[in-house]
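Following this line, the structures themselves.
In the two complexes below, subunit A is the common chain; its partner is subunit B in one and subunit C in the other.
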Partner chain A sequence: MQFSVDKNNLLSHIQKVSKVSPTRSTMPILNSILFDIKENQLTLRSSDIEITMNATLNVNGKEDGAVALPTRIIYDIINEAEEGELILSSDTEGACTLKSGKGVFEIMGRPGDEFPSLPKISNFNDVEIENSTLRRMIQKTIIAVSKDELKPALMGVLFQIKRHEIRTVATDGHRLVCLIRQDFQNEAYEGEVIIPVKFLNLLLGYLDSEGTTLLSISENHVKVELDSTVIYSRIIDEHFPDYESVIPKDNDKIISMDLNSLLSTIRRVVIFSNKTTHQISLSLSKNITKISTVNQESRTSADEEVDINYSGDDMVVGYNAEYLKEILRNVDTNNVILKLKSSISACLILPEEQKENEDFTMLLMPIRLNE
Partner chain B sequence: MSKIKILSDQLTNKIAAGEVVQRPASLVKELVENSLDAGAREITIVIKSGGKALCQVIDNGDGMGKDDLLLAFERYATSKIATTEDLMAIRTLGFRGEALASIAAVAIVNAVSAEKAAESGYELRVEGGSFRDIKPIAATSGTNISVKNLFYNIPARRKFLKSSDVEFRHIIEIIRKFSMIHPQVQFTLIHNDKEVFRLRPEELIDRVVNLYSSEYRGNLIRVDETSAGMTLSGYIGNLNLVRARHGDQYLFVNNRFVSDRLMNHAINTAYSKLISRGEYPFYCLHIQLDPAAVDVNVHPAKMEVKFREQNSVYRFLEDSVKSGLKVIMNVIPDLARFAPEHYYAPLPVNRKDQPDQELPDTEKEMIEAQSPSSNHDFLSFPQTRPESQAEMPLHFSQGRPVGQWTERARRFVEQGLPESQVDYRPDIPLYQLHNKYIITQVKSGLVIIDQHVAHERILYDNAIKAMSEQPWRGQQLLFPQIVELSVMDFSMLLDVIPFLEKIGFSLREFGKNTVALEAVPAGMTWGNESTIIKEILDHYHEFGTKDTSIQSKVAASYSCKAAIKSGDKLTEEEMRNLVDNLFATQNPYFCPHGRPIIINLTIKELDKRFERV
Partner chain C sequence: MDAFFASIEQRDHSQYRHRPIAVGGEGPRGVVAAASYEARKYGVFSAMPSRTARQKCLDIIFVAPRFDVYKSVSSEIMQIFREYTDLVEPLSLDEAYLDVTINKRGMRSATLIAKEIKSRIKALTRLTASAGISINKFLAKVASGMNKPDGLTVIPPKDVEQFIRQLPIDKFFGVGKVTGAKMKALGIKTGADLLKYEQIDLIRHFGKAGTYFYNVSRGFDDREVKPERIRKSFGAERTFEEDIIQYKMLHDKLKSIAEELGHRLEKYGISGKTVTLKVKYHDFELKTRCAGFSSHKSSSEEIYTITKNLLHSSDLPRKPIRLLGISLSNLNTAENADRNTQLTLEF
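Coming up: the complex of A and B.
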């Protein structure tokens, strides 16, 4: 294999694909990037088995062939290389020479055919989504994704796709976020997939521009093509829990309050909470709620009142303040609505008003106060 | 005038009678007891072929005159008691007047004895129970009894004797006991013409160290308590001396070794928070009390006693040991504590220098010799008493590599640190090693923390607190977990539900043998809520004894199952949180099962390892 290319052109592509390379992997080959040259086209590929990313660029090809080069070292040397042209060549054993300016650098790689090939996928269903919509749908739900490897179904975001509606849902068993958009058209496909959070985080990096993104869904994979880059990901082949049945319909204690004053009060109070449970309590009474915490171990406590709009019965509920904070930060209206029923059932957290064609629901389970 | 009298029938009927001689070791026991009763300061035990050929005990005690020597081998002939009242308050080891008579019936006995100021001694030969001969002989004061060819006249019994090695081990164990309760008496043991050891008069702690290893010195806790006419003295071992096998537990009552389940239970109870099932602490304790308050006449082997006020002795024992154990925090456990197999030297297999070949050393016997019920490896005795501590590099002198032992012992003595020296500082970085241990710097060097047991300790303490004081909060689950149980587990669950609820679980009955788990302890992250209940029940079922309270069983099961596992990756913040919480617990050094949580490596130790000093 041999080719020459402009340093900056190569560097920007390596930066992209290196995001997929695991830093440490039990399969050493995955700690490298595949360089594959066919005539004047260079394909770079990285993979962590779950996700595979392909980036192509035009180069000056001399000899076809492929080599896998260690991600760290190839990235560092190209980053530090002098401006201008680089010449890379390798033999079939994987020994690679990089020439840059007056420098000659020898790198030991692996033969290209040892690198995992692209997933063989057929029968893609293409779903086209507006970039801004997709970004919002991911950003809002991703906070509730579980990190717990023993609950694989919850380690991604559920995409439910219908003809005229798309939903994203995520939950970790303690809280749940569900976002529904009706301004969506899709004639070809109806179905649902759980997409791993790592893929969605990668994808977010490509959604800043105007335009649309094509999500291609197959039985086991999801794929996006973004200009010269293609990302493949396995989808999570698990059963997502029946989330609709746990979203309460009859929560009749309705509170509305200023989002920022609530958030800043919680931030102050949580300093005094138990470091394991992060438990705070909200004591609701007419038009006022007291937010408080007591930490038995450190003998500290905090109490602060917040004005609210509420006319129901007095009630005390406890929450994990860290969860509550994350959920409230997700709200993008000035006021937030809480809908409650009892101190042991789910609380609905909603924006003051829904965006057009959108239904955005969050849900948080309380901590029992045993009082 | 003879000192020995034949007991009246009326009195002999009151004595717990039974078989006195079962094996060479029981014979040696009787002979040594007699020597000790005669006030001997030096006792030499000569054994051949594990005692099957010869058991000889030579003492420098009071000795016997001609008449006494003849009487001594009669049944119920004793100088130690005379009346029923005497039987109620026995101060001597012997009292039945039976031992020598029984021995004489099953072996060939030769006894030489001379009283202190006597002109001459006498030699008596007894064979198969009948006198052969008595004649004057020149002898220094004291008694020398040799017993040859045990069971020569009862072949069936002789056949049941074990190999010489095994029998000799039993003898060693008997002498070990005597020597521990009489550190001021010199004991010399000779086997097959070789001196196995010579224990010179010394302090108890030195005796224990000489009997075991120098490692013991730094790990013994002195006990000295007096209460209501009872005194308890001796040593208990800290957790470094806890072994996975039974055997190093010595309890003496008025100079007599006793095996008393109840009293041993009292001691184990005192340890109970620190050790778990299948672990045995070391102790060598001596209860002294009014002989009238304890009945030794309950079993023919004289190894059991009955306390008149059993409960108060029990409490005294438990309390004394508990208060001794308070200092246990001062010593952080040894690195190799859980390798008891390193601790005991392996048994010598088929050594050629053993002349005993009458009985084959079958493999079965070798196995038996190694099983926990058998006694200790006699090789752990120092063969000769070292002149000074510094010159005591060998615990046995068979040319076996003992570097490991001495190294451990040395390392051990150095690393015992008072609690205050583990000054954990929250601004110093923490490192996670193999997703298993947390390492951080402390003033004296470094500490290694086992993440699983550390978390277990924290959760256990939290759970106990939650059950007795403020309940722990429960995080409600969005998707209640349905848990199906067996009938057994379900009924067990009903017992423990009130305790589980206090630590934050919330369970609702949901059909037959099925529960819905609706809340879990807040702040806990474990993947599978539905299995945690089953795991807790399994552990609960296995853990502890009848005496452990439900509360601590539930707490232990919960903490064991809910704790982060070894292998879990922790963030810096999680590690910090864990270590902070650990040092806030009552006992950061041992987990609820008694395993060590923290190991300390001092700079001094590291300097030594790197040969800087």
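Coming up: the complex of A and C.
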């Protein structure tokens, strides 16, 4: 294999694909990037088995071939290389030479055919989504995705796609976010998939521009093509829990309050809370709520009152302040609505008013407080 | 009880009497579970590798343990204790704290109770016991070990201060090899030396235990005798006949340990939020890795998956392993159960 290419052109593509390379892996080959030359086209590929990314760029090809080079070292040297042309060549064993300016760098790679091939996928259904919609649907829900490897179904965002509606849902069992958009048209596909969070984070990096993205869904995989880059991801083959059954319908204690004053109060109070539980309590009474925390270990405590609109019975309810903060930051209206039923059931957190054609619901389970 | 397991074996087998015996396996992995007083003269003690015991005493006789026998003797003894008080806190099969401040017999003297219990144990089991009597757990425990075997040591309130002052530091409960060495490095050889230290300095050197040392050196120990100790962890472990390095075999072993633990957890209805893997290597290096969760774990499958991942932690050395163990802590037991809990959506 041999080719030459401009340093910055290659660097920008390596930066992209290196995001997929796992930091630690039981398969050492995955800690490398595949360089595959066919005529004047270089394909770079990285994979963590679940997710595979392909990026192509035009180069000056001299000899076809493929080599897998260790991600860290190839990234570092190309990052530090002098501006201008780079020449990369390798033999069939994977021994690679990089020439840049007056430098000659020898890198031991692996033969290209040892790198995992692209997933074999057929029967894609293409779903076209506006970039701005897709970005919002991912950003709003991704905060609730679980990190618990023992609950694989919750380690991604559920996409429920219908002809005229698209939903994203995520939950870690303590909180849940569901976003429904009705300004959506698609004739190709109806169904649901759980898409891994890592893929969605990668995808978010490409959704800043206007336009649309084509989400291609097959039985086991999802794929997006973004200019010269293609990302494949395995779909989480698990059953997503029946989330609709836990969204309360009869929460009748309705509170509305200024979002920013609530958030800034919580930020102050949480400084004094227990560092593992982040427990705070909201003592609700007519038109006022007291937000408090007591940390027995460090003997600190905090109390602050916030004005609210509330006319129901007095009630005290505990929350993990970190969860509550994350959820409140997700609200993009000036006021936030909290709907409660009891101190041991889920609280609904809603924007003051829904955007057009949108239904945005968040749920947070409280901490049971014992006196 | 004095040399409990070994004494039972000598009682039941006349050929072992007045001979150095060790209860435990003699194989390459064997460990002495108990040594008779004859063996102790040679420097053989419990928890010593059997090989070392053999080196110290060529004539030593190894006797396979009969735990069912020890357990039944143990329950006979505990039964006697409970005739005097319900406040019996067993420390092991053959050792317990008794709070006899108020006792079922209405006896005024703890010393008399101890004498009576000792003679009843002897009559019933033909075994000797040693008793320590004092104003708190710490002193009673130290006293019980003072005149073994068949001892009875009383530290009356008026003697407490003097007793602690002269007490060698390694006789303090909680001072083993490591802490003992640390104490000696600080010039602490007796209780009197310990008294010279401020609480804050002891905490600096010994963490939480610093407060304990500070208090007990002043004769102060307000720990109650708890009839049933609240378990803080629940575990199972296994020493292999041969060291293992292959992951596949380690996985099999881990799985069976997880299953054993899972069964016991199920039996007692216990679950925990922290899972710890213990690995002892062929060179006795000990490593532990733990994982914490927001929800309680108790199923053997979950525990297996978690500990398998821990076993693959990249910072664990890759060398032959002689022992694997799993334990669960942060338990759902009474003390923790009523703490505030993050509630979960019920799908």
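The rule is short, and it goes like this: the second predicted complex is superposed on the first by the 370 of 371 C-alpha atoms of A that agree within 3 Å, B and C clash if a C-alpha of one lies under 4 Å from a C-alpha of the other, contacts with A are read in each partner's own complex, and residues count from 1 in each chain.
In this section, a contact is a pair of C-beta atoms (placed from the backbone, for glycine too) under 8 Å apart; a residue touches a chain by one contact, two chains touch by 3 or more.
Just so it is clear, the model here is predicted, and its values are computed rather than measured.
Annotation for the three-chain superposition on subunit A: subunit B and subunit C clash.
By the touch criterion stated above, A:297 is placed in contact with subunit B alone, subunit C being left untouched. By the touch criterion defined above, A:275 lies against subunit B but remains apart from subunit C after alignment on the C-alpha atoms of chain A.
Touch criterion not met for A:250: it reaches neither subunit B nor subunit C. Once the two complexes are laid over each other on the shared chain, residue contacts for A:241 go to subunit B and to subunit C alike.
By the touch criterion defined above, A:24 reaches subunit C but does not reach subunit B. Looking at the shared chain after the overlay, A:210 reaches neither subunit B nor subunit C.
The clashing stretch of subunit B relative to subunit C, chosen from 402-410, 528-536 or 600-608, is 528-536 in the chain A superposition. Across the two superposed structures, the residue set of subunit A contacted by subunit B and also by subunit C is 148-150, 171, 173-174, 176, 241, 246, 277, 279, 318, 320, 344, 346, 363, 365-370.
Of all residues in subunit A, only 148-151, 171, 173-176, 241, 246, 274-279, 296-297, 318, 320, 344-346, 363, 365-370 touch subunit B in the complex they form. Contacts from subunit B toward subunit A in the complex involve residues 470-479, 504, 506, 518-519, 522-523, 525-529, 577, 581, 584. Only residues 293-295, 302, 305-306, 309, 312, 314, 338-347 of subunit C touch subunit A when the two sit together in their complex. Residue ranges of subunit A in contact with subunit C, taken from their complex: 24, 26, 148-150, 171, 173-174, 176, 241-243, 245-246, 277, 279, 318, 320, 344, 346, 363, 365-370.
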